[in-house]
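Look at the two complexes coming up: subunit A is in both, with subunit B in one and subunit C in the other.
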Partner chain A sequence: MDQNNYKMKVSELVEKLGLKVHSGESNLDKEVWGGYVSDLLSDVMGNAGEGMVWITLQTHKNIMAIASLKELAAVILVRDLLPDDDTAASSEAEGIPVLGTSLRTFDIAGKLYEILKNNNLPQGS
Partner chain B sequence: MKFEYDIEGGNFSRAGFASSEVKKKLRQLNVDIQIVRRIVVALYEAEVNVVAHAWYGKMTVDIDEEKILLILDDEGPGIEDIDLAMKEGFSTASPEVREMGFGAGMGLPNIKKNVDTLKITSEPGKGTRVEMITYMKGGKNEKS
Partner chain C sequence: MKEFRADLHIHSVLSPCGDLDMSPRQIIGRARQMQIDILGISDHNSTRHGPLMRRLGKENGIFVLTGAEVTSREEVHCLTFFEDDMQLALFQEYLDRYIMAFPNDPERFGHQVVVDENGNIIDEEKNLLIYSIDQGVDQIAKTVHDLGGLFIPAHVNRQRNSMISQLGFIPQDIGADALEISRHITKSEFLELYPSLAGFTFIQSSDAHFPADIGRACSLLRLGETSFSEIRMALLKEQGRGVVLP
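Right after this comes the complex of A and B.
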């Protein structure tokens, strides 16, 4: 994925991937150009980039500190996991949505990759 | 210009707060966004190290036209073997901390990658001091 590619709004991802919006509903207009998948916080800190969606199974408040410091567009929690209460509160305060899916990490990552990739194909192909 | 922030050992719900305040300050001061993004990675890791391992710490940020000096001073168990601590994958974090996704042994390597100079001094049983410098011009930021 290339940062210069067309960017998709978080709200479009929610719609196309059938995601739940756990928190940060008023901030779905952020733009996404790629994603990062990891449950190790330092890995995300060191390797994710601004404007990415982060797919994880971590639900505690520290994920929002990372999402905010890294200027991520949104966090997707897998396997119907729910954000902790203070995570949801922090998501609202930071303006970064926490989304959810019933899918497992591999499957949601594949779907996310596919729609971002297809989004970047030339028109008519 | 100098700023100071307290860090509470063991309080994970506040981990990242000081780093976030520094980020806001640096943005207000119009520091280059790429420099800010790199510093934030190093600062957060250093802050989390204090939260995860020490009892109390202080973050000091000293900015002039040439460079940004970041110092984290803590009162805590200290580091017995700094070379070993620097090794990617080495960690002394507790199982609880690891379960949260911390303690992967990536923190200090992350710091090293994102600042121009890193100096760690420690006295076991007393505490640790982490000093980092990022240059406004000519540092790693311009080479990457």
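Right after this comes the complex of A and C.
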């Protein structure tokens, strides 16, 4: 995936992947071009970037600080995990939605990759 | 005011990774050889050697802080210490309630045995102690403080199982009484990497799993005498008490 490719709105991802919106509902118009998958927040801090969706099982409020610092488009929690109360509050305050899926990390990452990749195919191909 | 040598992170044979020679009696013996005044017993997710360690320490002139190295849901390792056996027992109930029910395989992970003062096995932890408990760091910190205990994120410099590796940074409101660094780094080297943490009290400990490692790193605590409340005051830098890393 590459930043210059077509970008998709978070709201489109929510619709196509059947995601729940745990918090930050008014901020689904951010654009996404790629993703990052990790549960080590120090790793996300070092390697994720602006406009990515972050898939994780961490629910601690520090995820929002890092999402905000790295200007991520959204966070997806896997396996029906719920954000901690202060994580949800921080998501609203930072304007970065926390989404959710019942899928496991591997499966949601695969689906996300596929959607973004297909979106990036040249028109008419 | 006197300086006391403290090694506050020791694993006994109860930790699956703890050497079989780490019985409470052998730990106390080695700590005496190493001129340790204050020793912290911190097995993974279990406090069950605490009361015996406290008693053996007392008989041998070593003040023992009893607690556990708890693994949070985020896989952050945290040192926790409690003043007396009653608080320790209440904390053990909490650990028993939230430990993941996954049986230990001693062949693979190591034995998790409780021994008496002569090294005879009297009990065994059935669930694997190196997994996490089903509680986040915030909940653990609150539980520890509600019981009047001390909460110290362990080896924060490490690239795994540290609050920094797992959570990216130390949350401002976590209420850490101190931060521990491992023996592989100095405080000044650590603060060069993380200057914003300079306000914390730092301790350094051996994280010993083998007798030879006990006392390989330690902290000097400036106290009026050895007691739980004096140690707390040293961590909180109150009334002239404090911690110096040698």
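The working rule: the second predicted complex is superposed on the first by the 125 of 125 C-alpha atoms of A that agree within 3 Å, B and C clash if a C-alpha of one lies under 4 Å from a C-alpha of the other, contacts with A are read in each partner's own complex, and residues count from 1 in each chain.
Basically, a contact is a pair of C-beta atoms (placed from the backbone, for glycine too) under 8 Å apart; a residue touches a chain by one contact, two chains touch by 3 or more.
Every value quoted in this text rests on a predicted model; they were computed, and no experiment measured them.
Applying the stated clash criterion after superposition on subunit A shows that subunit B and subunit C collide.
In the superposition on chain A, contact is made by A:H60 with both subunit B and subunit C. In the overlay built on the shared chain, the residue A:E31 is in contact with neither subunit B nor subunit C. In the superposition on chain A, A:D80 makes contact with neither subunit B nor subunit C.
When the two complexes are overlaid, the chain among subunit B and subunit C that reaches more residues of subunit A is B. Touch criterion met: A:S68 reaches subunit B, while subunit C stays clear of it. When the shared chain is aligned, subunit B and subunit C each come close enough to touch A:L41.
In summary, superposing the two complexes on chain A brings one listed stretch of subunit C into steric overlap with subunit B, and the stretch in question is 200-208; the others among 56-64, 110-118 or 200-208 show no clashing C-alpha atoms.
In the superposition on chain A, subunit A positions 40-43, 45, 58, 60-62, 65-66 are in contact with subunit B in one complex as well as with subunit C in the other.
Residues 40-45, 58-62, 65-66, 84 of subunit A are the ones touching subunit C in the complex. Looking at the complex, you find that subunit C touches subunit A at residues 74, 136-138, 159-160, 164-169, 171. Residue ranges of subunit B in contact with subunit A, taken from their complex: 12-13, 15-17, 19-20, 23, 37, 40-41, 44-45, 48, 100-102, 104, 106-107, 109-110, 113-114. Of all residues in subunit A, only 39-43, 45-46, 50, 56, 58, 60-62, 65-66, 68-71, 86 touch subunit B in the complex they form.
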